[in-house]
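Before anything else, here is the set of structures, which you'll find just below.
Look for subunit A in each of the two complexes below; its partner is subunit B in the first and subunit C in the second.
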Partner chain A sequence: MISARDISKVFNAGRPSEFTALHGVSLDIRLHETTVLKGPSGSGKTTLLALLGCMSRPTTGRIFLNDREITSLPERFLTEIRRSTFGFVFQQFNLIKGISALENVMAPAYPTGEKFSLLRRRALAALEMFNLEKRADAKVEWLSGGEAQRVAIARALINNPTVIIADEPTAHLDTRLAHEFIGIMADLKAKGSTIILASHDPIVYDSELADRVVEMRDGQVVSQGISA
Partner chain B sequence: MMLHPSILALFFSSLLISLMTLYAACYGILILRRWDIASGSELQLSLERRTYLISTIISYFLVFQLVSLFLFIQTADSICHLFVGAMCAVGTLTVNGFGYPTLLLKVVTFILAGLWLILNHADNLGYDYPLIRAKYLLLLVAAPFVLAESVVQGSFFLKLTPDIITSCCGALFSQSARGIASEIVAVPSNPMQIAFYGCMLVTFAAGARFWLQRKGAYLVGILSGISFAVSIAAIISFISLYFYEMPSHHCPFCILQKEYGYVGYPLYALLLAGTVTGVGVGLLQPYRKKKSLQEILPGVQRKLAAVSVLSYLLFTVIVTWKIVFTSFTLEGY
Partner chain C sequence: MRRKGKNGALLLVYTLVIFVLASVLFFTYALKREAALVLKDAPEIIVQRSQTGRFHPIPVAWGESIGKINGVISVRPRLWGYQYDSVFQANYTLSVPAENAPPTGSIDIGSGIAKIRDASPDDIIAFTGHDGFPRSFTIREILSDESQLLTSDLILLSEEDYRDFSGLPADQAIDLALRVRNPREYATIAEKITRLHPDTRPILRSEILRTYDALFGWRSGLLIVIFSAAALAFVIFAWDKATGLSAEERKEIGILKAIGWETSDILMMKFWEGSVVSLTAFLAGIILAYAHVFLTSSPLFAPVLKGWSTLYPAFRLTPFLDFGQISALFFLTVVPYTVTTIVPSWRAAIIDPDSVMR
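And now, the complex of A and B:
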């Protein structure tokens, strides 16, 4: 269970540009399920995802991962949790240009010190899972949108995370690729992964993949419930 | 004030360290008063974020504080030729009334900075800031010494004028002089040798016992502190004589010079390393049962004990080697 308790996030605090992205959000996310954060732009979905994934810290409130409080952890401990627990798929994919798809997939595992040959084999297997083995040596700027997205997913999986977090994963995809993404996530969920998605795309939050849909607006949770 | 590069480096670095320590100490007061890890308040989360940054910055400053002791001594030694009558750092330090107080404060801040770095290292190993109050309390203790050192050192440098006739070490470290140094010099060498080797033996035994059985951490800490004082007295009393091969030259600073192979630097570095790490073993002992540290801290203490014993051992080996292999003898002194 991932639990957020009374989470607020203020950007540029004390400055004229101060902006409160989240107001006292409390939320429970069950493991091995798919939770979709739904809401318009500016509703706080991305901010909440970043906080749940330990990529930033709240201004107030605490987050618990399996009853372990994680917001107070010093950065080096948080890094380890982030690396071993969460896999991120970003809206713009954030692949590193100038290096190959394979190297992109391997990159998050470099700090673990795993033997290079083993890591390479695992990265190739991850690419193979998404039928990208022939594109392993291609630079990421040569990949199509769908291929880039699958590389991003393979990269998110390289450290065997228990939770996959994706921010607006279908924002830059056509309908066919969006459905393909839903299929990939469904497979991962079937294998036991916990999936947290932020999206305002009906293809995502109305899909069978979504177990729970949390609706957000103006930095607050307005409703949460089991998906129809 | 002399515009010597080392003096400027010491002057401005001391100023920076003082400002940073003052800021961190003020922040430490807030930590001591308001820290509550169970709270998710804005203040608590802000303290958690800032302590990481402040601890990291202050640790770099305190590492320089360690180095600055040696830079200060080296500077005092290297500019002694500018003062009439000075032969080594002693002459420079007696040019005005701030030289020795600066040196004393530098030694005190060296030990406090070293202990703070040990506490900070141990605190960083725990996931819940287990030693945060202890390390900021120690910083509050250290801050007045750091500030005093900056003021006294600044006064020392500002009042350094080359036309002053000063005393050489032969005059200060002799039986006819007044003060604690002359009293140490006056002590016969045999009892002091017994005290030195006895103290070292007991310290090695306590360190080895802790390393093997994890018992006697406080004893290691106390003995390391005592060994430091006894070793300094021993250097003045008889160790220096063997290096100079002169029965009346007791200066603890001349061994820092080229003529004696700069042997003073490793000797003092080993002595200070042994003291700080040894005292550190005892300092960490009250926190060994903290939940987040109970698995880690014994290992840290064991390493510190090993470093302490090895430092003192090496110090003793260098000193004994000189005593054994020199043709100089102290029979009758």
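And now, the complex of A and C:
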């Protein structure tokens, strides 16, 4: 269980550009389920995802991961949790340019010090899962949108995370590729992964994949419930 | 290699800077060493005569009285001088060697003279003497290149030819060269010579070395200017690197943090990246500088630095590397550069990883 208790996030505190992205949000996310954060742009979905994924700290409030309070942990521990527990698929995919698809997939595991040959084999297997083995050596700039996203998913899975976080995953995909993405996530969920998605795309929040939909607006949770 | 254009340009500029800095270091050091090696066999004391402060030939007979001073092993009158060649607008150095002097009518010439006069052994070559009449000489040999620095413009000839050519009377010499065994006696002997012949001026070898050092020191002063310019270029280059991190690089650091890299992992990666560029440029620069100075006779510096006449000695310096200097260069370039690549990365790496999500 990932729990957020009364969390707020203020950017540029004390400056004229001060902006409160989240106001006292409380939320429970159950493991092995898919939770979709739904809402318009600027509703705080991405900020909440970043906080749940240990990418930043809330200004106030606390976050618990399996009853362990993680908000006050030092940076090193947060990084360790981020690396071992979460796999991220970013809106822009955020693949590192200039290196191959395979190297991108391997990147999150480099700091673990895993033996290179072993890591390479695992990364190739991850690419194979998405039928990308032939594109392993291709530079990421040469990949199509769908391929790039699948590489981003393979990268998110390389450290065997228990939670997969994806921010607006279908924003840059056409309908066919969006359905393909939902299919991939459904497979991962079936294998036991916890999935947290932020999206304002009906293909995502109306899909069978979504177990719970949390609706957000103006930095607050306006409703949360079991998906229809 | 990623970012081929940027890293390629970086490597090129860096290599160029190291090349110039290392060339200057190699060149000045080798030059001083060369001069010191050549002068190693110079006489311990040279006695010149001066009249009201101006040079004057010294009577050969004075050598006898000076030779009787305790500690003096031998005294040799020396005959030498300079000859201006108006046709080729070059200065030559004339000298009568102590041993193996050419027979009368023959001369040995330095490689520089042979080159500009297009002369080879057995050729006949003419020079205008003190009375305005030319003298012809047969070239016995071209002096070896081993001591090029001081022999390039040299003409060796017999005593008889020298006196005929210069008009110096038989009882006079240009100076006296003394051999003295004990270095601690140099000053005492010099004092005794001055007492014996008040119008003489004894010159110690250490003073000659000092003069050469000052001469090459002055020349290396010019190089210091080049050195400073190159060093300044390096500082600007490193500063630019230190303050500038492209948006792409910043984003990349953000991505790495977001996918689970620690700040220390990123700094380590940047350190290795900087080290690879630094070390490659350093090694390439050093190798190029070595080739430039020791294999191709420093074509970029030579006209300014070598030879004192219009005749530039085309000589090859003895390869000599001072590891102290190389390590100084290493610590003044590679280390600061590597540090400057880390600083901006550190600044970017301490930001929250969620920046890539916004």
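Just so we're on the same page, the second predicted complex is superposed on the first by the 228 of 228 C-alpha atoms of A that agree within 3 Å, B and C clash if a C-alpha of one lies under 4 Å from a C-alpha of the other, contacts with A are read in each partner's own complex, and residues count from 1 in each chain.
Please note the rule applied: a contact is a pair of C-beta atoms (placed from the backbone, for glycine too) under 8 Å apart; a residue touches a chain by one contact, two chains touch by 3 or more.
Everything numeric here is computed off the predicted structure, so don't read it as measured data.
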{"item": "When subunit B and subunit C are modelled together on subunit A, clash or fit", "value": "fit"}
{"item": "Following superposition on chain A: angle at subunit A, subunit B versus subunit C, Cα, nearest 10°", "value": "50"}
{"item": "Partner chain(s) touched by A:56 [first = subunit B, second = subunit C, both, neither]", "value": "second"}
{"item": "Broader residue contact with subunit A after superposition on the shared chain, subunit B or subunit C", "value": "C"}
{"item": "Touching partner for A:75 - first (subunit B), second (subunit C), both, neither", "value": "both"}
{"item": "First, second, both or neither for A:169, with subunit B first and subunit C second", "value": "neither"}
{"item": "Subunit B versus subunit C as contact partner of A:99, first or second or both or neither", "value": "second"}
{"item": "Contacts of A:39 with subunit B and subunit C, given as first, second, both or neither", "value": "neither"}
{"item": "First (subunit B), second (subunit C), both or neither touched by A:88", "value": "second"}
{"item": "Contacts of A:219 with subunit B and subunit C, given as first, second, both or neither", "value": "neither"}
{"item": "Overlay on chain A, subunit C to subunit B nearest C-alpha distance, Å", "value": "10"}
{"item": "Doubly contacted subunit A residues - partners subunit C and subunit B", "value": "75-76"}
{"item": "Residues of subunit A defined as touching subunit C within the complex", "value": "46-47, 49-50, 55-56, 75-76, 79, 82-84, 88, 90-91, 94-99, 107-108, 110-111, 155, 159, 167"}
{"item": "Contact set on subunit A toward subunit B in their complex", "value": "5-6, 8, 57-62, 71-77"}
{"item": "Touching residues on subunit C, where the partner in the complex is subunit A", "value": "2-3, 248, 251-252, 255-263, 265, 352-354, 356-358"}
{"item": "Touching residues on subunit B, where the partner in the complex is subunit A", "value": "37, 40-42, 45, 48-49, 52, 124, 127-129"}
